[in-house]
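Every chain is named by a letter (A, B and C) in the order it is written, and numbering of its residues begins at 1.
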Amino acid sequence: SSSDSSSQVKPETDRKQPGYETLVVTSEDSITKIMMNRPAKKNALTIQMYREIMLALEAASKDDSTIIVLTGNGDYYSSGNDLMNFMNTPPGEMEKEAKNGAILLRDFVGCFIDFPKPLVAVINGPAVGISVTILGLFDLVYASDRATFHTPFTHLGQSPEGCSSYTFPKIMGQAKAAEMLMFGKKLTAREACAQGLVTEVFPDSTFQKEVWTRLKAYSKLPRNALHISKQSIRNLEKEKLHAVNAEENSVLQERWLSDECMNAVMSFFSRKAKL
Amino acid sequence: SSSDSSSQVKPETDRKQPGYETLVVTSEDSITKIMMNRPAKKNALTIQMYREIMLALEAASKDDSTIIVLTGNGDYYSSGNDLMNFMNTPPGEMEKEAKNGAILLRDFVGCFIDFPKPLVAVINGPAVGISVTILGLFDLVYASDRATFHTPFTHLGQSPEGCSSYTFPKIMGQAKAAEMLMFGKKLTAREACAQGLVTEVFPDSTFQKEVWTRLKAYSKLPRNALHISKQSIRNLEKEKLHAVNAEENSVLQERWLSDECMNAVMSFFSRKAKL
Amino acid sequence: SSSDSSSQVKPETDRKQPGYETLVVTSEDSITKIMMNRPAKKNALTIQMYREIMLALEAASKDDSTIIVLTGNGDYYSSGNDLMNFMNTPPGEMEKEAKNGAILLRDFVGCFIDFPKPLVAVINGPAVGISVTILGLFDLVYASDRATFHTPFTHLGQSPEGCSSYTFPKIMGQAKAAEMLMFGKKLTAREACAQGLVTEVFPDSTFQKEVWTRLKAYSKLPRNALHISKQSIRNLEKEKLHAVNAEENSVLQERWLSDECMNAVMSFFSRKAKL
């Protein structure tokens, strides 16, 4: 179901790292690429996928790569948190599951906060929810002009995560950030670029070619200088980011147990079932 | 004296809240609208008006509204602090009045810092001084293309307030903020939008219609999620904002007693008298 | 070697302050202008030049000027740190020299952090390295459309200074800042303006005339109000800026002694020698 232009070239078997079910992880040219690989589900993030991305980041932080890329296979970058994560819980287990979910999400975001090498998001198509909010923790964000950026938290009775309650107002000012984070406005790639969330937008037809040509050139830069520069910049706010992350997930944990959230998620599935 | 397009529809008597002389406060569709209502004086802020806005915000924080709007009646949004506030003080009372003025201003700005619900500025025309500087404390700022944004503090021997010495450099960077706050450059609505102070600009002819249509849609969003999201974002810098507010008003209190300021204000009135 | 349009008018002898070898410092119309004056070397910053700029800033902070301008003579604004600074050290003295270099740079940047009056950069041509990174410490940055902005630290095995690891992400967001600071992307004047690093861009043919007309008008503003406003804004982050400055130079001191940096600088000179 993917268009010719944005779809990823199938990685050679010998470069593909084993052990991942929801990702394809490859290393080449000093670049480790983590590709979310549930294209039929628009790369919605399941609990397994959160865990595998954390494992892949942990491994990439120690391999000999210079740059790490996160991207999606198929038409979507990622449709965000898989709402089925909410649906499999027996009523008596809700509080426990909300707590576990908040811990998982906090640890997931924490991996991006602490990641020691340049992080590049290659946004091949629409991005939703947490796949958008963590972009403030990346160093470069390249987007196809087919990409969109959407964080409909309020519509689902929820609240911002991924440190976006801190990074988005810092990047674009509250007057722009609130329309995304509080009122769920969907941005085009060009709008997201004008507001500083995206580094550069490329035509979808040449997106993969242009981005990877550039990244290969960047990956030849002096490796230590690059890593130390990234760490110097990020260290200045690492403590703040971890505090924001903890607070956001504490608020979310309560949100998940609220009637408002449960009704909104139920309503989402009932609308979807009618389509 | 108001143009057809930007003027407000007269609120129905039965929706209008009693008890305000300088404002018209109405509630409808889960939106409480606070309209500054001294159109013949370009909605310049008198001491009474500061106090009434604080009372209206206090009431709105507790009513059943989801969103709160501040706007102006007539051609202007607001021409800022009414300089007549400076003119009614007997010479022996100057220090006391400066102190009282600084306390009033600090409390006024504090109400915006602490406000727990989404705050929307509907900028129907030119905005000056403190009506501009507090925009960094709003969540959405919608502007008619007839609006302008002007903070001529230095020209009047004064210094920035409304937390703008913190919010403006954060929103637009010092190279843009200093031209406004230190050198009094007046921005068009489009410039203010490009620099992140304004969420979106609308043609004046359709401004009221487009903005209220959007706000009515937003006001139907899950109310608690919206309020909690706003509070999560704002709580991250509330302490800093109160400290900035206190410092700004302490500096202003001294400025008001300086010869430079008194001469600049006198000169303003003498120029005005000659027109 | 300078174009007609961007070159500076030769200052009158009687306005020129004596005692500088690498600068021309003049005062007129309440503006003190510090002009870097090594046009044949593209105003590359030697150790002497760092020291003279610090002395000129110290003097300007106490003279009767309202505004201080930093600009360059000739085609370039400044090509940044003179890499010859690295080449004159006997092998046994490297650690000592790296330490001295870091102290000099820290003190140089500290002068900009603490400077009490409005600082204006008049960017007459290409700007490189530290002449770019300290722009986040200025209040206004006016650029000719011939100017470019380039910080190729990583290419030289080095890391950001001038507080840019703090100011650049604040001004433009990490997605834009990282491409400059980590990957050495060169910006045009218009790009730098869109991202908030530059206040305004002017056609090169009218640059000097338009900028100086504006600055002369600004220099007539109430002087104390202007200085106090600047200090109020900058005081909010002065402590943070000094901490960032200390940390950046500590990292740089180690970088300068790394093989990666030495090889990159050697390679720079060997490429240059072949031209």
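The definition used in the following text is that a contact is a pair of C-beta atoms (placed from the backbone, for glycine too) under 8 Å apart; a residue touches a chain by one contact, two chains touch by 3 or more.
On a predicted model such as this, the values are computed, not experimentally measured, just so you know.
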Intersection of the contact lists for subunit B and subunit C = A
Rounded to the nearest 5 degrees, what is the angle of the rotation relating the C-alpha atoms of subunit A to those of subunit B?
-> 120
Round to the nearest whole Å and give the separation of the Cα centres of subunit A and subunit C.
-> 37
Within subunit A, the set of residues that touch 2 or more other chains is 170, 172
Partner subunit C, residues of subunit B touching it in the complex | 153-160, 165-166, 169-170, 172-179, 181-184, 195, 244, 247-248, 251, 255, 258, 260-261, 264
In their shared complex, subunit A is touched by residues of subunit B numbered 118, 135-136, 138-141, 167, 170-172, 196-200, 218, 221-226, 228-230, 232-233, 235-236
